[in-house]
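Both of the next two complexes hold chain A, though its partner changes from chain B to chain C.
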Partner chain A sequence: MSDALSLLRLLQCSDSAFPSGAFAFSSGLETLVNEGRVQGADDMARLLEAQVIPRWLEFDRPFLRRAFHAEGPEALLDIDTTCHLQNTVERLATASRRIGRSLLTVHARVGTPGAEAYRNHLRAAALPHATGYEPVVQGMIGAGLRLSLAQAEAGALNTVVTGMTSAAVRLGRLGALDAQSVLAGIAAAMAEGLAGTAPAQPGAFAPLIEIAAQRRMAGQISLFAT
Partner chain B sequence: MNVSPPITRKGPGAARIGIGGPVGSGKTALIEALIPVFKARGIEIAVVTNDLVTKEDARRLQAGGLIDPDRVLAVEAGACPHTVIREDPTLNIAAADDLEAAFPGLDLIIIESGGDNLASTFSLDLVDWWMFVIDVAQGDDIPRKRGPGIVQSDLLVINKLDLAPHVFVDAAAILAEARQIRGDAPVIGCRARGATVEGIDQIADTIARELLFQDIPA
Partner chain C sequence: MNSSAFISLTRPVRARLSFRDVVGRTHLMEQLTPHPFHITRPFRHPADPEGMATLYLQSSSGGLYGDDDLGLKVQVGAGAAVHLTTQASSVVHDARGRPGSVQEVTLDVGEGALLEYLPDPAILMSGAQLDNRVSARLGQGARLLMADAQLIHDPDGDGRPFGHLANSVALAGPEGPLILERFELQGGDWLARTGGARCAGMIIAANLPGSAPALAEAVEATGAYAGLSEFGDRGVSVLRFLAEDGVQLSRALSAAWRAHRIQTTGAEPHPRRK
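Showing the complex of A and B:
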């Protein structure tokens, strides 16, 4: 695939208008905002650099890479199952599955190679509460769209980071322009992380967002599902 | 004149219909009134609710004893009720797919929007057909304010007809104005709660005729 064509497909899939259901999740940010731990652009930049980006690089990234190289639905299902077993933060795992399955639905409808086959495989496996994780689907989709691995990784990390800043705007802790400043400021850290070697085994330690996501109280009035 | 195009179903599975409308217009009550009617007709249904920030509507339906609680799924819309039915309906599509996989004999999946304003519309990626519910207590000027919900929906339902005298509006005039604004597109007045209900069979007939292709005279 030509560089321009793959770049255009990457831009399409990374666009905030691309439907994935991600708008409904804040990955613990809402709790942190409600508790006063994230109050503005500086806090947001620190949260992204210290928690969100490292968690993606160390946990999601290895699964995306495995899925990118996987051959066929059965191999993808094995990766998905491993992702489920290692995903110890229940609310973040649920969000990841819901976004991943939404992405799969969209790509199956638009005809991305491999998406329909994997969706049917998951339906046959009948494990909706244990499969369809976002990084697995992103890796499979990246390969199906014939993106480079580096493009697929950059697109996935960008989706996570822009999703968090968008949530901060809706929570009233960032203005829309502030959010763009935060994104511009954090881009170097994202690039540096992507340039580093991916861990062979997934594993993450991001207690602030992980515990915040779990701490959301039942019955609490929230703008986001996490 | 607003003439609806013929309904085309997206696939061989259950028909998917949307119910939208402002907060408090009676969307959940309408579903509660429709469930026994569909049940009596042997129409198998499931429901997806889109509460803004809670699972209140889903819990209400699940606890009401009218429907198997497993046939009701809640999608928390994250305070963006229009987004989850229009710009990004994927969470709702996934929920409807889950219901269809869990209950293969479904005829109808009802997707209830969170309460929004007069501008909300359903993506046709999500539903085959949708209705918009307003009520007389919101004021007799609601139909002439138009808005996509009033004008573009496949069916406009004007609920709480019994409240009209108590809020000093003329229900017949509201219905007449709505029909004038919508041309050939249907408008049904109803009362979904109380000792007696009104218009519910007519709404069920419309759905059965338009979506399930049952031979019911218009």
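Showing the complex of A and C:
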């Protein structure tokens, strides 16, 4: 695939209009906002740099890389099963599965190589509560679209970070311009993280956002599922 | 100095405890506790689950040093009931350029047995390096309440963090693996990841249906910041929490244990003095 073509497919998949279902989740941000722990652009930038980006680099990234190199649906299912075992934050795990399965459905519909085969394999395995995790599907799709591993990783991290800033806008904690400033400011940290060596084993320590994702304010209506 | 320049003179130390149910009472049937492991005599309390034995683990060395390599294997036989705790926190001292300490605990909980494994938190001093691994294998119908917590301490107040922490907790049931919780962290990242809290931990309940929400409520009432994940398909709950200091952390652990006991036995447990 030419550089321009792979870049265009990457941009398509990373676009906020791509129907991944990620807009339904704030990954703990809504709780942190309601608790007054995230109030504006500075808090948001700190949260991304100290929690969200490290968690993706340490937990999701190794699964994405394994899936990118996996040969066939059975190997992908093994990776998915391990991801399930290690996803010990229930709401983040549920969000990851819902997004992953949405991605898989859309990519199967648009004919991304490998997507339909893996979707059928998951249907046959009949483990909807335990498979279809986002980084596994992202890795498989990246390989199917013949993106480079670096492109697949950058696209996946970008999706997470822009999803969080978008949630912050909808929660009224960032204006649209503030969100773009946060994204511009955090890009160097994202690039630095991506340039670093990926951990051999997945595993992250981001307790603040992981705990927040599990909390619900009593009597408060939530905008997001997490 | 490069830690790889050191040749470790430390020999691995392996301890073993084996409990068994004998006509409704749990006994410590086998013990191997080489230095620095030390244990108290097991005792019982009327408010405890039937036949339960309580045992305190102690250290005769004052903590974990340099490249200590300590292993503890605990076997709880079918139908036995054990409360296993520590006399105090484990201090993980400055590794002073050595590779760091390894602490590996293996829990084997037999069919229908109950294990409360509630050690005090590890205190990570400036420069400490720790590889902490806990694995539990549960037989059919086995129940487990366990804690795994750390707090950071900078005795000189100069802001020097601990060095490195590798932490893993793995649970397996009769059908295979249930959960694997693992992470690695440089000490300098601790406060950013916890939002400024000096203590972090988790409590895992396996095959203790209905007790987890009460645990979460009790921990929250101590002022700790807590979030509960329940995995009904595997019968496992994971309660993560952050605490401001060691006092709040101890209260949180104690509150969780009391809530679990009230849920499972209907009675407030007798406090374990430390």
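In the analysis below, the second predicted complex is superposed on the first by the 222 of 226 C-alpha atoms of A that agree within 3 Å, B and C clash if a C-alpha of one lies under 4 Å from a C-alpha of the other, contacts with A are read in each partner's own complex, and residues count from 1 in each chain.
Keep in mind that, in the parts below, contacts are C-beta pairs under 8 Å (C-beta built on N, C-alpha and C of every residue); 3 or more make two chains touch, one makes a residue touch a chain.
All values reported here derive from a predicted model rather than from experimental measurement.
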{"item": "Between chain B and chain C, more extensive residue contact with chain A", "value": "C"}
{"item": "Which superposed partner A:G21 touches (first chain B, second chain C, both, neither)", "value": "first"}
{"item": "Which of chain B and chain C A:T131 touches, first, second, both or neither", "value": "neither"}
{"item": "Partner chain in contact with A:A50 - chain B first, chain C second, else both or neither", "value": "second"}
{"item": "First (chain B), second (chain C), both or neither touched by A:T112", "value": "neither"}
{"item": "Which of chain B and chain C A:V89 touches, first, second, both or neither", "value": "second"}
{"item": "Partner chain(s) touched by A:F205 [first = chain B, second = chain C, both, neither]", "value": "second"}
{"item": "First, second, both or neither for A:A225, with chain B first and chain C second", "value": "first"}
{"item": "First (chain B), second (chain C), both or neither touched by A:S102", "value": "first"}
{"item": "Shared chain A contacts, counted only where both chain B and chain C touch the same residue", "value": "none"}
{"item": "Residue numbers on chain A that touch chain C, as the complex places them", "value": "37, 46, 49-51, 54, 58, 85-86, 88-91, 93, 129-130, 199, 201-208, 210-215"}
{"item": "List of chain A residues in touch with chain B within their complex", "value": "17, 19-21, 23-25, 98, 101-103, 105-106, 109, 123, 126, 128, 170, 219, 221-225"}
{"item": "Chain B to chain A touching residues, read off their complex", "value": "53-54, 75-80, 83-84, 87-91, 93-94, 97-98, 101, 125"}
{"item": "Interfacial residue positions of chain C with respect to chain A in the complex", "value": "167-168, 177-185, 189, 192-195, 197, 200, 225-231, 233, 238, 240-242"}
